[in-house]
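Next up: some structures, all given as structure tokens.
In what follows, subunit A forms one complex with subunit B and a second complex with subunit C.
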Partner chain A sequence: MAEPLHALTALGHAAPKSLAIGPVAISERFDVALASLAIRNGRDGDVAAAAGKAGLPLPDPARFQAGTPFSAFWVAPGMWFVEAAFETHEDIEAALKPIFAGAASITEQTDAWVRFDLGAPDLQPLFERLSNVDFARSPDGFATRTVIEHIGCYLIRHGKGAVTLYGPRSSAASLLHALEVTARSLL
Partner chain B sequence: MTQQNRISGGQIDRSRTLRFTFDGVAYAGHPGDTLASALLANGVRLMGRSFKYHRPRGPLSAGSEEPNALVELRAGARQEPNTRATVAELFDGLEARSQNRWPSLAFDALAINDRLNTFFTAGFYYKTFMWPASFWEKVYEPIIRRAAGLGSLSRQEDPDSYDKGFLHCDLIVIGAGPAGLMAALAAGRAGARVILADEDFRPGGRLNAETLTVGGKPGAEWAAEAAAELSAMPNVRIMLRTTVIGAFDHGIYGAVERVSDHLPVPPEGKPRQTLWRIYARRALLAGGATERPIAFENNDRPGIMLAGAMRTYANRYAVRVGESCAIFTNNDDGLRTATDLQAKGVDVVAVIDARSEGALLPGIRHLKGADVIDADGRLGLRSITIRHAGGRTETVPVTALGVSGGWNPNVNIASHHRARPVWNEGIQAFVPGEGGPPGLSAAGAAAGVMSTHGALTSGQQAAMAALGDLGIRASAGTVPDAEDAPVSITPKWYVNSGKGRAWIDPQNDVTVKDIKLAHKENFTSVEHMKRYTTLGMATDQGKTGNVLGLAIMAGLTGQTIPETGTTVYRPPYTPVAMGALAGRSRGKEFKPFRLTPSHKWAEEQGAVFVEVGMWLRTQWLPKPGETHWRQSVDREVLATRKSVGICDVTTLGKIDIQGTDAGAFLDRVYCNTFSTLAVGRCRYGLMLREDGMVFDDGTTARMGENEYVMTTTTANAVTVFRHLEYCRQVLWPEMDVQLISTTEAWAQFSVAGPNARRLLQKVVDQDISDAAFPYMAAGSITIGGLRARLFRISFSGELAYEIAVPTRYGDALIRRLVEEGREFDAVVYGTEALGVMRVEKGHVAGNELNGQSTALNMGLGKMVSKKKDSIGMVLSQREGMNDPDGYRLVGVKPVDPTATLTAGSHFLEIGAAPVIANDGGWLTSKVHSPHLGCDIALGYLKAGDQKIGRRMRAVNLLAGTETEVEIVSPHFFDPEGERLRG
Partner chain C sequence: MIIHHPILGPRDSQEFVYLGDASLMNRPDGLTAGIEAFHDYLYNRDNPAGEHRELWYHEQGDRSWLVVTRNTVTHEIVRVELARDVAKAAGRTK
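Now for the complex of A and B:
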């Protein structure tokens, strides 16, 4: 068998990048596996039952719900993105498929996205410059699709000072640049 | 220089002195000054030259409506043309220059235009310069452009950054005058989320310019206290230096915040301006009113300004415009200027009141039923000529004249969305009409409520009404006491006297005569009048002149003013810097980039990249000693065909299609059949649009019983995905199909060439012999145990595979392939070599998939299955699209192998004239084939399949090239496909 291949982050490094600009901390996450889960037609009950049994949350529209080992956020009607620790669930598709046994379509999404976790005492000034999401009025656990500098992203608000952003992996550098420039303008 | 015209009081900080220059001369002012107020304080009335006649001009106003006092602010790359001195905040070290003059402001050679004014009447350029026609672009226009015009651009890159953002509120209050402050207080106290925006740097609006009291205290003091209370509310955001520029769809308001314009240089990292997109559930326009002048001969002399502005300079900026002044008015508000100036100790020589009735001002020479008919003083007012009620004329020496023809509510924002303002006879002005932006109302002077108490009351009431709509309860607070005088005005638009010119739009040099000429020549509609005379164009958009112009036109046509109507109001309210519209994107940040998984490796190799949409793809990889791109590309092609080449093809769209109806779904979106495809196999698919034209092509693999992976072209990755979602969600919601893009999830590389299998076999864990993994096989494999995918497909005509791993391992995979490929002399090739090989093989790509071509045109007509329905199948059968003599894809070779082909050339028969009737088609893609040793091309040729072997000409009239060519099969290389099945 051939030697294993090494992995690079979306920003092209061996290790994820973290930086702080004033009060804003930006951390690239490289340790989360991601898969899409979409209910097949007429299989809502089966999916709900299987998810319940596996302890996999299927939150309401525009919501994120944490869990162990799986967390999830809603992305479209009957569709969620499921998160798990990369270390234990690198092949997340293979882990999820048996749980749903054909009742849901499951597709690996881990490397389709770059994930940045953002922290600050208050991220409102940053996000009012980045996205048209009404961040101040969004509840904790809010998850939505939005556009940041022409880049389609998923935004999850964990709290007023904690946000997870998923952006397309190939545009990781452009997305980080937008975050950096905006954070710097707030100094 | 002393500030000889500085008087007592005002809202300036005299404890600090700011130094600045105008046309190189040093002056001093104070914080709180604008450039205009500081220049006036220093006795400078002459600040600019007019657009057409180069007439000397001073400020007409004290606000954003200013047409005259336009300057070039700052120097070097930060030089900004057409800056209104009346709103430019003074800062230490400010540099300003006058514009549109040569050699100096006081002596402008182009003022000759003023002497030649009879040639430059309205519409002169529509009548003159007509002959010879060719002179317009080369001679006349450049000369006119040089003579006319405003400020100049620095022609350097803007060194500042700009920002943008998004705000949300229950109520946006536009304008922080008495109505706006009262509205914001009512809404803020009720707990609503409020944005209060004002273009000024000081809240209060006219209260800062008046001596009036509110609630028993000076109006400015009440405004400051109201603003302080609002600032303390967490639910209220006061945005000063912020101009709401327009009302857009769905309750979105655009606003430009001038973050750093009041500073010499923006602080490090800070934007100069921010463009805000404000999502407001309700909006209240409290933008006040703009005074308008009365036109009379030579009413554009520096020192003649709006009476309200003169009052602003005195009360707010502690500046007298001249030592001696007069007021010309048709309404009571003009009288207020006279009394305020007199109270400040300014010598008010006379008040010329166009009205005959009414009480006389005590202690001032108040002339009733009189007009100002002329003014003298080319570079600055020296005297005015008064025509008394009885007709007697008198010349009075003054250095400043305040003119008031009444006040126009600022209806602009309320008139966006094409709403038409309505005429209010009582105030002789337009007020907001019906049909404006939904959710927007107006209050205060903007709504035609002209008294201070009325403004306060209407602001509160309008806010409560807006909140009531939203279900937010607000209680009516006490409205402070304030003056509540009715408007007393007798309309007067211009003074009819003499033969001289009376300006109504000083910025565009539009005079009463021009309006009369437009009427005479039947340009009587306001929209025609505007275009014919240029009334209301340029930076001020006619804020002071428009109503005057249309009122005069109404008088000429015999129509009423409301019958005459207004032109259409459009954003932006005031000029916006291009940088603000661009936001924080600078240079290459204009759009995001997408980087391929091999980008880092390719950069290390010195690859040349090409932009493909947002992707940066490797175009070719030069080796040491290669000085021309063709050397690199030829080498990459030859090495691939000889042994093996590797190419990053991640950018091709990948769509995961799952569900029990996935196969049936594919049968409907592709014109050929996929439901019969065996698991573990892939097939080339052709997708048509509804109209039967080819939409996209690609290979789709069946990875499981209900799982397919579709590939699309790079260019159409998004549009195909969107199309499939439309089909799934809208056309056939009953089908059990789930879609998701996996383009970015997998790093995919093409490995092509006779040694492709030998190379890959060293990398993958499974047997991929021809028997185990035949042509068009697809499936999951592993690399050192890592999950991966393999597809045996070829775009180059070679034995070829595409291998995919999760993207994070893409960098490692290309390094592995290069390392393991050394023994085969493997190359990595870019998009150029890819293009050469696909043309050699006769594969269509973007140039052929042009949206106007059918499967038949491409020689793929047999792929359109008529045994099933699919999108585009029916319409692809239209007669015109099946013309046996229609376009067919052909190959093209030059008869002389050393000759070059030019893409875009058109096919002509030998001897045929290069005219459209003889056009046989065109050459779509051209490459140099190192394999064949000559240029080759693909093209669409009418009845091309019947012309194989024929000689024709490829003519490109644009490039000036003509080549004799032979029409051949599009399959230049291995037409039988033996190599790819090898």
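Now for the complex of A and C:
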């Protein structure tokens, strides 16, 4: 019998799903905690100082920056999404709050999103069919919100063959379907 | 149509939602400004053939409000500013 208190993934299974379609590998990620961080009115300096002290990256607009234990990507002026390993930072909000001591609003986001990591020698043919992001001309570390089959997603380009996608958890299966169908159409 | 976002650069207008005349940002105080001013704010819109300042929301992007100055005859976009900066330049603090 399955362990009754085991959390389910966004796709409703006990373990994250991985599949390969031709050269494209799609892996659901279940091991990343996520939180949003927004600067409170007039506290820009305090947030920058606190983040610098804690070694938390606050990248420029449309950028992702990796770090340990926290990585981050920009989502809006004065707002970022912060990632950390789920194993060590399951309660990521509690880990971030003391760092910023009221200068920023932190909201837990882990269970609001589904994360897919995509890998292939070149993902451009896939994304030129899926979204309006100019994938080929985007630099590595590019992070943006975009639409994939009417689903609003965050896309992070780690390299031309490595992408992280965050989509709304309630549309996890629809997003995976869109990725699968498009990857198949490339075969 | 491409909108040159002040922070993110050129973006497809499909990513944006259109709200309307940018004068919507300047709401009179309904209690002190008088009924005429509020009626004008609520119901009356200019419909210029030429430059028009309008509010656009970057819904499928960074969720910022923009003030786009667009020529309604040629559709040329003359200027794009963050609504936040426009409000601050007009002396508003928030």
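Observations
Here is the rule we use: the second predicted complex is superposed on the first by the 183 of 187 C-alpha atoms of A that agree within 3 Å, B and C clash if a C-alpha of one lies under 4 Å from a C-alpha of the other, contacts with A are read in each partner's own complex, and residues count from 1 in each chain.
FYI, a contact is a pair of C-beta atoms (placed from the backbone, for glycine too) under 8 Å apart; a residue touches a chain by one contact, two chains touch by 3 or more.
Since the model is a prediction, treat every value here as computed from it, not as a measurement.
Judged by the number of subunit A residues each one touches, B leads among subunit B and subunit C. Once the two complexes are overlaid on the shared chain, A:V147 sits against subunit C while remaining clear of subunit B.
With both structures placed on the common chain, the touch criterion links A:A112 to subunit B but leaves subunit C unconnected. Once the two complexes are laid over each other on the shared chain, residue contacts for A:N41 go to subunit B and to subunit C alike.
In the superposition on chain A, contact is made by A:E128 with subunit B only, not with subunit C. Of the two partner chains placed around the shared chain by superposition, subunit B is the only one that A:D91 touches, whereas subunit C remains out of contact.
Contacts of A:A62 after superposition on the shared chain: subunit C is touched, whereas subunit B is not. In the superposition on chain A, A:L5 contacts subunit B only, with no contact to subunit C. Touched by subunit B in one complex and by subunit C in the other are residues 41, 132 of subunit A. Across the complex, subunit A meets subunit B through its residues 1-10, 12, 30, 36, 38, 40-42, 79, 91, 94, 102, 105-113, 128-134, 136-137, 149-151, 168-175, 177-178, 181-182, 184-185, 187. Chain contact summary for the complex, subunit C toward subunit A: residues 7-8, 12, 14-15, 59-64, 82, 84, 94. Contact residues of subunit A toward subunit C in the complex are 41, 61-62, 74-77, 132, 144-147, 152.
Across the interface of their complex, subunit A is touched by residues 161, 163-168, 268-271, 274, 277, 279, 584-585, 589, 591-596, 599-600, 614-615, 656, 658-661, 706-707, 734-736, 738, 740-747, 762-765, 782-787, 805-813, 816 of subunit B.
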